[in-house]
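Following this line, the structures themselves.
Below, chain A partners chain B and then partners chain C, in two separate complexes.
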Partner chain A sequence: MIRRSLNFVIRGLILQNRIVKLLKKDFYIEFRSRASINISLAFAGITTLSVSLTSATMNLPFRVHSILIWVIIFFSAMNSLSHIFIREEEEGTSIFLSIHSEAEEIYIAKLLFNFILFIVITVVVTPLYLFFMQIWPENFIFFASSVFCGSTALSSITTTLGAIVAKTSMRSSLFTVISFPLTIPVLWISINLTASSLEGGSVDLLNLLFLLAFSGVIVSFSYLLFKFIWMEQ
Partner chain B sequence: MFLYRLVYVLMPIGIFLSLLWVPPANILGDASRILYFHVPVAWVSFLAFLVAGLHSIALLIKKSEILYREAMAYNSAAIGMVFTVLTVITGSIWAKVSWGHFWNWDPRETSIVILMLIYIAYFSLFSALKSNPNRWGISSVYLIISMIIAPFLIFIVPRVYPSLHPDTIINQDKKIHLEASMRITLFFLVVTFTLLYGYIYKITNKLSLIIIKLRSSHDI
Partner chain C sequence: MHERYLIEASNLSRRFGKSRIFRGISFSVESGECFFITGPNGSGKSTLVQIIAGLQKPSEGKLAIKLNGKEILESLWRHIGFASPAMNLYERLTVYENASFAFRGKDKSLINHYISLFGLGKHKDKEARILSSGLRQRLRLITAMINSPGIVLLDEPGSNLDVEGKDVLFREIEKIKKESLVIIASNDPEELKLCHKGIDLAKQNS
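Coming up: the complex of A and B.
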């Protein structure tokens, strides 16, 4: 019994160590070229400025503000979320990665990378938008949690779809086509939650939990199914 | 196969029941008869999606008869796509009669369009994976992930957000608010359309099997 639990702990530590190594590798490569992060942040900044330049003087309803925030976040992130897998395919390192690491390790490392990237984009876009549009959420904690839960759900689904797209012949154009229908429920609920938080509505715990549950379900299934996408069967 | 051939007898009876036997609804009049086609085709569009997803799970677990199982999932999705388009068309006609516009962005209308987009995305992905030997695995994963998300769209979102759609079939009272003759006709057509789906599905699967065998004999 003790031996079994010890084995389990050791295996867990090895897995964690390998995931951290893969994550470090992705961060080193990404920050060496800074291609995807630069494009995403530039896209986010330019779109936010363009929107505020044309509509800052208008008295837009909170729902429209919420839609604009999520459209900017979604399309800024779209530029780079699939890049983490596409880069491995384009540089020919995906086979080496498959030999070197287990599918589950690759999935968790890429998921964490995308999650961090998504949060960085959100942290850049949201304050910029609030500053330029001269609005302030009535219920800030609710606003922050709605943006956080929405980002978590979006990064969990787009990570799996990014891996799928990396294996096809028409990568970037296909990513938008296959991810849009599956991200709609998340966007739908996130927009409603953000609008409600901007208006000063009470905390909608049910919908926040829905987003977290959605992320949990998608991550669990993706963890189980990732080997069928990434490894040659 | 005999069971599915019953559709030749049941479909004319169903058309007779829905267009002539059942009395028109109180406010909508004869336009309400579209219900007897709209609900069954909507049901089949979801059923086909479910079957495609279940075949994908079976394919990933068994990893045998790959080409045939992959074709079975694809065929079900293709039939589902046709029925989803029919659902959108019949729904739009009904919406025009009831609410004055063909399209109202009602949560249920939106969810069926998203289901259609998922089908379109699946076919796009399938064709983009043509040269990939692992196509069966990747397309199966996409169908399984879509199958997990579909209930959120079809069953949860329309119930969370206010909808113009009548809740006659599944509602908070868990009762069917239809007259007996209407209920009989509706369920009769749901069964008939399910058999029609099964019949088309069997034929397309047989066709796929013939194509697979022909291709393999060519390879030999």
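Coming up: the complex of A and C.
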């Protein structure tokens, strides 16, 4: 019993070390090339500024603000996140990655990288939008929770989709087709939650939990199936 | 107990769509042996090495990799060192970072040891993207050998290497083949001379 627990702890520590190593590798590459983050931040900045300049005199309803926030976050993130696995394939580094890592470690590291990048983009986009549009959420904690839960769900979806798409030859069209049924419910609920928080509505715990549960299901299935996706030739 | 590896391939074949790359490949290699795979371009040398490394699946046939008589069913990569021209390194990582990414041990001084051994000491902090193709090949070989794996798979190991690079490579192969299982896929007679048995895919496919 003790030996089994000890083995479990040791395996956990090794897994953690490998994940940290993979994560460090992705951050080094990203911040040296700055390819994904620059494109995303440029997209976020330009769209936020354009929206604020063109609608400065209009008194937009909170629901429209919510839609705009999510459209900006979604497209800023999609510019970079979908490429995280495709880059490994296109640059021919997937063999180097596969020969030195377990498939599960790769999935967890990519998921964490996507999640952190998504949160960075969200943290930049949201205050920028609120500042330029001169609005402030009535219920800030609810607002922050809805943005956080929505971002978590979207980052888990994009990680899985990125892995599937990287292994197919019809990349862009496949990504569009399979991302549709997964992203629509998440975006729909996130937009509703954010609109409600901007209007000062009460915390909708059920839908916040739905977003987290949705991420949990996606992550669990992906974790179990990732080996077959990644090694499929 | 000393680790003994055994690779048994029986009747392996590989197809991509309708085109058959090779068929009916059978062989057996064990620790302490060096096995060559040769054949003309397009005969499937690299594909066969990638199948052994677990990076591809054979279309037919069975490949069993055993450690001390027991088949390895999980985490094969922990037992394998692999270098191939098809394996690109991380361009934005330095020589040291690429080697360190591949390194699984605790004694980090080994990373510097291998970097110096393959003559990359003065390029240690350079990003891989600015290395010449010969220096990149040296770095690939470092990543294959740095963990002293039980199975070493080398696809065209001498490609782009200068005389000095080949000397180091041959010396290292001579050293590791005493205990490890080494498989070399190549057309270079000099490299094939390092092994005492092997297969010619041209003959197998004819």
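In the analysis below, the second predicted complex is superposed on the first by the 225 of 233 C-alpha atoms of A that agree within 3 Å, B and C clash if a C-alpha of one lies under 4 Å from a C-alpha of the other, contacts with A are read in each partner's own complex, and residues count from 1 in each chain.
Everything that follows uses one rule, which is that a residue touches a chain if its C-beta (ideal position, glycine included) is under 8 Å from a C-beta of that chain, and two chains touch if they have at least 3 such contacts.
Please read all numbers here as calculations on a predicted model, not as lab measurements.
In the superposed model, A:203 makes contact with neither chain B nor chain C. When the two structures are aligned on the shared chain, A:225 is found in touch with chain B, with no touch to chain C.
In the superposed model, A:164 lies in contact with chain B only, and not with chain C. When the two complexes are overlaid on their common chain A, residue A:185 makes contact with chain B while staying clear of chain C.
Within the superposed three-chain model, A:177 lies in touch with chain B and out of touch with chain C [touch as defined at top]. In the superposition on chain A, A:217 makes contact with chain B only, not with chain C. In the superposed model, more residues of chain A are touched by B than by the other of chain B and chain C. After overlaying the two complexes on the shared chain, residue contacts for A:25 are found with chain C alone; chain B is out of touch.
Of the residues of chain A, those at positions 233 touch chain B in one of the two structures and chain C in the other. The part of chain A that touches chain B in the complex is made up of residues 157, 160-161, 164, 167-170, 174, 177-178, 180-182, 184-185, 188-189, 192, 207, 210, 214, 217-218, 221-222, 225, 228-229, 232-233.
Contact residues on chain B toward chain A in their complex (touch as defined above): 60, 63, 114-115, 117-118, 120-122, 124-125, 128-134, 136-138, 140-142, 144-146, 148-149, 152-153, 156-157, 160-161. On the side of chain A, the complex with chain C involves touching residues 21, 25, 28-29, 32-33, 91-93, 95-96, 98-102, 231, 233.
Across the interface of their complex, chain A is touched by residues 50, 53-57, 75, 77, 80, 82, 84, 86-93, 97, 101-102, 104, 127, 143 of chain C.
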